[in-house]
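Paired with chain B in one complex and with chain C in the other, chain A is shared by the two complexes that follow.
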Partner chain A sequence: MRAGRLTNGQFAWLLMLPALALFLAIIAYPLISSVVTGFFEQSLVRPGRAFTGLANFADVLGGDFWPVLRNTLVFTAGATIVPFLIGYALALALNAGIRGSGLMRGLFLFPWVIPGVVVSFLWLWIFNANYGVLNGILLRLGILDAPVSWLGEPATAMIAVIVTKSWASFPWIMVMLLAGLQTMPKELHEAASVDGAGAIRRFISVTLPHMKGIASIVVLLEFIWNFQHFDTIYVLTGGGPAGATETFAVAVYDTAFKGFDLGHATALGGLWMLLLLVLVAFYLRHETKERS
Partner chain B sequence: MTVTLPRPATLPRERVRRRLRPDQARSRVAAWIAVAVIGLFGMFPVYWLIVTAFTPDDRVFSFPPSLFPSRITLDHFADLAKNEQLFGYLVNSVIVSVITAVLSVVVSAYMAYAFSKFRYRGRKSLMHLVLASQMFPQALLLVTLYAVFSAVGLLGSYTAMILSFTTFTLPLCVWMLKGIFDTVPGSLMEAAAIDGASRWRTLHTIVLPLAAPGLVAAGLFAFVRAWNDFIFALTLSSPERQTLPPGLVHTYLGEFQTAWPDLMAASFVVSLPVIAAFMFLQRYLVGGLTAGAVKG
Partner chain C sequence: MTTMNRRDALRLLGLSTFGVAALAACAPDATGGAATGDAAAKTFGFTSWSLNEAAQKAAVQAIVDAYAATNKVKIATASFPYNEYLNQVVLKLRGNQLTGAVQVDVAWLGALAAMGKLRDLGAQASAGGYTDVALSSGKFDGRQLGLPWTTGSIGLIANTELLTKAGVDGMPTTIDEFEAALGKVAKLGGGVVPYAAATKAAQLKDIFPWMQTFGSPLLSGDQVTIGDEPSVAAVEWYKKLYDAKLIAPDVDRFDARALFSQGKAAFYDDAIIARGVVASQSPDKALVQKMAPLSRPVLKAGDTPQALLWGHVIAVVEGEGADAAAEFARFATSDTATVADFFQKVQLPPTTTAGLADPKVAGDSFTTEWTEKITKTATANPFWRYAADAQIESAVAEQVQAVLVGNSSAKDALAKAAEAVEGLQK
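Moving on, here comes the complex of A and B:
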C-alpha cells in the first residue's frame, strides 16, 4: 500500500485531509471573510465594495450595538439561569431514589428533542393573545382580568422568549447534571449523615462541591449557545416588538438579509464574535484543565 | 446497605436507621413535588400540541379553550397528507439530512481516528479549533456562505444546504467519534500490524466495524441536527428546495389567521423522526453529548 511508506504523522494528516479541506472551505474561510467585510461598504444585492476602514464599526458602536448587547445579555442570562435551576432541581429529584425515575428521565427529554421550530410554533400558540391557552388558564384562575398580548408587549416578549428557550433546554441540563450526580460516591452522603448532617447541609457540603465541575461546564456551554441563539427568537418575535428582543443573531441576520447591508451586518457580527471568543477561550481553558 | 465506615460506639445501628427514615421520606416527598411541578411545566405544552392537533377547528378557535378535548378529529392529519407542497418539503428534508449525515460521518471518521490514535505536531491545536468552531456564530458565517454560494451559482441547491449543515455536523461528529475510537484498544491495532496488515487495512477491516454502532449514533445525531436546522435552510434554499422547518414557517405563519391545528399536526409529524432517532440514541445520550460537545 502507498500509505505504507508514510510516517505515522504523515498518515494522520492524510486521514485528516478531507475534513480539513471541508473545514477550511466552509468554516474558516467564510468566518475570516465575514470579519473582513466589516471594513467595507458592501451590499448583498449589488456587486462591488468600497473600503471604509472603521466607519461601519463606528456607526454600529454609535447605534445598534448597545441596545442589542443589552438584549442579548438579558436573554442569555435568563435562558441560562432559569433552565439551570429547573434542570438541577429535576436532576436532584430523579436522583432521590423515587420509583420510575428512569422512565421519567426519558419522558422529560421531549421538550429538548423536538425541533426548534416546533418549539417555537408551540409556544407561539400557547402565548397567542386571542385563543392562547396561557391567557385561558390565567383568566379562569382569576390571575388576569383581561387577555395579555404576551409577544406584543416589550416587557412580556422578553420573558416569553426566555421561558420558551428555557423549556427547550432544561432537559439537556438535567441529563448532564443527573449523570454528574450518579458518579457521586454514596459513602460520602452516608458518612455525612452519620456525622449528623441534615439534607440541606449535605447538599451544600457534599453535593455542590462534587457537582462544581460539571455544573460550570453546563452553565458555560449554555451561555455560549444562548449568546448566539436565533431560532426561537426569530420565529416568536422576529426581534420585536420595537426591537425589545433583538439579540445579536437576529440583528446581524436582519441587517444582512432584510437590510442587504453586509458591511454593517458583519461589523456588528465581528464585535459579537469578539465577545463570543472570550467565552470560548474560557471554555477551552476549562477543557484543557479538566484533561490534564 | 454496605457502610464500611466505622460507626461511633455511641450511635447504635438501630438509632441510625430510625433517624434516617423521616429524613429520607422527606426528601422523597420533596422529590415528588419537584417532579410534579416541573412535569407540569415540561409536559403540558407537549400535551397541548397533541390535543390541538386532534381538535376540530371550531373548538380550537373558541375562547377560553377547554383543556380536555370533547371531540377528536383526524381532519388535520388528512389535510396534511393531501398537501403536496408539504410533501415536497418532507422529501427535501429527508434527502438533505441523510446526505449530510453520511457525508459528515465518513469525513469525520478519518479525522477522529487521526485525533484518537496518532500523536503528531499540531494535533492539540487542531482539536481545539474543531471544538471551538462549533461555537462560532452561525448568523455571521451565513453572510459569507450566502455570498459564496451565490457567486458559484449554488444558491438554492441541495448542495448549498448540505455544505452549510456540515459546518455544525462536522465538529459534532469528529468529537463524538474521537470519543468512540478512544474506547477501541490500541493493542488491536498492534496485533493487526504484527499480522502484516497495513494501517489503512487495519482501520477499514478492524477498527471501523468495531466502531459501527458509534458511527450510526454519530450519524443519527448529525441527521437530527440537519433535520432541525432553521437559519441556513431558511436563507440558502429556494422555494422548491426548502426543508420542513422554513417550509412550515412560510406555509403557516404570517397569514391573517394561522391554522393552528394544522400547524400543530404538522409539528407533530415533523417531530416523529427525531423522537424515533432519540429512542435509539438513549444509550448514547450522555456519552454522546459529553464526547461530542463537552469532553475532549
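Moving on, here comes the complex of A and C:
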C-alpha cells in the first residue's frame, strides 16, 4: 500500500466517525449521566443534587420494584405469546394460498400501520366502562347484565392492555412468519405427504423445524420490545388501577416526570436496563448461533 | 483494495465534522437564549392548556390574536392536554425551551416556583386592579409569580331535570340526603350514573373536599392528618357509593363532563367552566338551563360546606420576550372589555374589580349562584404550598383507588398515603 492512502479499515472508521459522534452525544452521554444520577438525590424542579450512594437503589428494591417486575413480565409474556399465536395462525392460513389471501394480507397489516397512540385511544373508547363499544355490544346481546369496568378493575385491566398491544403487533409477526413459510421448499411437504403424513404431522415434523429459527427471533424481539413498551399502557390505564398495570416504562416515567424524582427514577431505570441487557445478551447469542 | 488518498479523507472528515457542527448548531441553546432587556421584543411565546380544549380554544385564541394585531407582535402559541400539562411545562422549563407567558393552575405554582425561573410580576399586579383574593392565588413565598386570570372554585353541579324525574325534591344538604338522592336517581336506570365522581387516579384528588366534609383538615401545620378517622370514614363512604354503583368506575373530569353532557349523570364535580363545556358538548341545548350549582352536602346540619378554591394565573418566564409577555399577561387578565368578553364566551369569572362589576358578569345569575353556594366557603388545597403537590395528590389518589378496587382497606391505604405524603413535604 502506498503511503498517504487509507486502508479499508481506516476508511470504515472514518465513515463511522459522524455516527460515533452522534452516538456519544445522544446515547452514551445521556445513558452514563442517568446511571450516575441514580446515586444522587435529584429533583426535576429543584436545582442541585446530593450524593446518596446506593440509597435510591435500596429504596426502589424495598418499594414497588417487585410488583412492577411482575406486571412487566405478565404484560411482556402476554403481549408476546398472544399476537405470536394469532400471527402464526394467519401466516399459515395465508401461506395455504386460499382465495383472497393477497387482499387479506393487506387488510391484516392495517393495525400495524396505525400509530400506537392512536390504536390506544381507539381501544380506550372501546373499553370505556360507561360509554364503551364493548360493553354496549355485550349488554345488547344479553351477555352482560351490567357494564364492566375493563380498565378500572385490576383483574381485567391487564387483559385489556394485552389485547390492545396484541392487536397492534400481530401483523408484523404474521408478515415475518409468512416470509419464513414462503422460503420453505414445497418438496419437503410433498415428500412427507407421499410418506403418508397428514396435515398435522407435516406441520409438526416439517413446518415447525423449518420455522424454528425465524420464530425464535420474532419471539425474542417481541419480548424485548414489549419489555420496554410504554404508550399502550400509559394511554389506556396510566399504570392503574392501583398499580395493576404499572410496568417499568410507566413507573420510570411517572417517578421522573410526574413525581419529579430523578434519583429514584434513574435508579429504577438502571435496574430495568440490567434486566433488559440479559434479554439482549440472549438475542445476540441466538444471532451468533444462527450465523455459525 | 479500495483506497483513497489522505487529502480526500481529510475533506470527507471535514465535511462530516461540519455536518455534526451544523447539527449541534441547530440543537437547542443550552442557555435558552436567556436574553434580557427585551422591552421592544416583537415575538414571545404563550403556552396554555386552554388552547387544547375545544370549549375554550377559540376564546383564548381571540385574545391572543387581538393583542398581537393591536401591538404588532407575534405570539407563538403552544398547548398540552391539562393532565400532561405540568410535566411538559416542567420539562421545557428545565431544558430552557420555554419562554414568554404560561398559563398555570394555581395548584402548580409551588412546583414551578421551585425552579426559580418565573418573573416577579408585582409591577403588573399593582396596575391591574385585581381583587386581593385573586392576587393571593398568584403569590408564592411573598412574590407575585402569576397574574390571576380566573379565580373560582370546584364544586358540585346537578342536573335538575334528572333529579325531578327521580323524585328528588330540593337539593340535598347533608350526606344522608345526598345518598338518598343518589339512590333515587339510580332507580331511573338507562345507564344514568347518579354521581359521576372521579374514580380514575388522575382526578381522585377530588376526594379531598369529601375528607374535609367528614372532618379531616388534611394538614394541620406541617402534620399530615390523612389517615385520621374522618378521612378514613370519607374513603369508606366513597367505597360504599362505588360498590352500590352510585358512582361509576373509570371516570375522570373529561368522562364526567361527557356523561353529564349526555344527560347520563345527575351530579358531578367541576369548576364554573362546566356551563361552557356542557353548552359546547351537549346535544341537548337546553341542558345548560337545567344545571344548578349546589353546596357540597355536609356531615351534619350546620357544618360548613366544603369546596376547593381553584383558578389559573398567567406566569412569565424570565428571559427572552419576558417584558412583552408580562404586558400581554396583564392585558389578558385585566383589560375589562377582554375579560368580560372572555367570561361571556367561556363563563370563567374575571379577577379584577372592574371585570366583576361589568354588567355581563354581574348580571349572570349562574355565576352569582355559584359564588354564593360554592366559592363563598371554598378553601385552598393545603398541599399546594409544597413543590411536590402533584406527587402528593397522586400518592393519595393511588391509595384511594386501591380501596375502590378492593386491594386495600381504607385505613391501611390512607396510612400508606400519609407516609408517602410525609416523604414529599419539602
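Everything below uses one rule, namely that the second predicted complex is superposed on the first by the 288 of 292 C-alpha atoms of A that agree within 3 Å, B and C clash if a C-alpha of one lies under 4 Å from a C-alpha of the other, contacts with A are read in each partner's own complex, and residues count from 1 in each chain.
We adopt the following convention: a residue touches a chain if its C-beta (ideal position, glycine included) is under 8 Å from a C-beta of that chain, and two chains touch if they have at least 3 such contacts.
Only a predicted model underlies this, so the values are computations on that prediction, with no experimental measurement involved.
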* Quick one: classify A:131 as touching chain B (first), chain C (second), both or neither. => both
* Asked: Looking at the overlay, what does A:241 touch: chain B (first), chain C (second), both, or neither?
  -> second
* With the two structures laid over each other on chain A, which partner does A:22 touch: chain B (first), chain C (second), both, or neither? -> both
* Asked: When the two structures are overlaid on chain A, which partner does A:140 contact: first (chain B), second (chain C), both, or neither?
  -> first
* Kindly classify A:54 by the partners it touches after superposition: chain B alone (first), chain C alone (second), both, or neither? => neither
* Asked: Can A:154 be said to touch chain B (first), chain C (second), both, or neither?
  -> second
* Partner chain in contact with A:89 - chain B first, chain C second, else both or neither -> first
* Considering only touches as defined above, state whether A:5 meets chain B (first), chain C (second), both or neither. => second
* **Contacts of A:44 with chain B and chain C, given as first, second, both or neither** => both
* chain C versus chain B, contacts on chain A by residue -> B
* Asked: Of the residues on chain A, which ones does chain B touch that chain C also touches?
  -> 1, 4, 8, 11, 17-18, 22, 44, 128, 130-131, 147, 257
* Asked: Given the complex with chain A, which residues does chain C contribute to the contact?
  -> 1-6, 9, 12-13, 16-17, 19-20, 23-24, 87, 90-91, 94, 111-112, 114-116, 191, 193, 199-202, 245, 248-251, 255, 258-259, 262, 264, 387-388, 390-391, 394, 398, 401-402, 404-405, 407-408
* chain A to chain C touching residues, read off their complex -> 1-2, 4-8, 10-11, 14, 17-18, 21-22, 25, 43-47, 128-131, 146-147, 149, 151-154, 238, 240-244, 254, 257-261
* Structure fact -> In the complex, chain A touches chain B at residues 1, 3-4, 8-9, 11-13, 15-20, 22-23, 26-31, 33-34, 37, 44, 86, 89-90, 92-94, 96-98, 104, 106-111, 113-118, 121-126, 128, 130-131, 133, 135-137, 139-140, 147, 167, 170-172, 175-176, 179, 187, 190-191, 193-194, 198-199, 217, 221, 224-225, 228, 230-231, 234-235, 248-250, 252-253, 256-257, 262, 265-266, 269-270, 272-273, 276, 279-280, 283-284, 287-288, 290-291
* To do: In the complex, go through chain B and note every residue touching chain A.
  => 1, 3-5, 7-8, 11, 16, 20, 23-24, 26-28, 30-32, 34-35, 38-39, 41-43, 45-46, 48-49, 52, 60-65, 67, 107-108, 110-111, 113-114, 118-121, 123, 126, 128, 130-133, 135-148, 163-164, 166-167, 170, 174, 198-201, 227-228, 230-231, 235, 245-246, 248-249, 252-253, 258, 260, 263-264, 267, 270-271, 274-275, 278, 282, 285-286, 289-290, 293-296
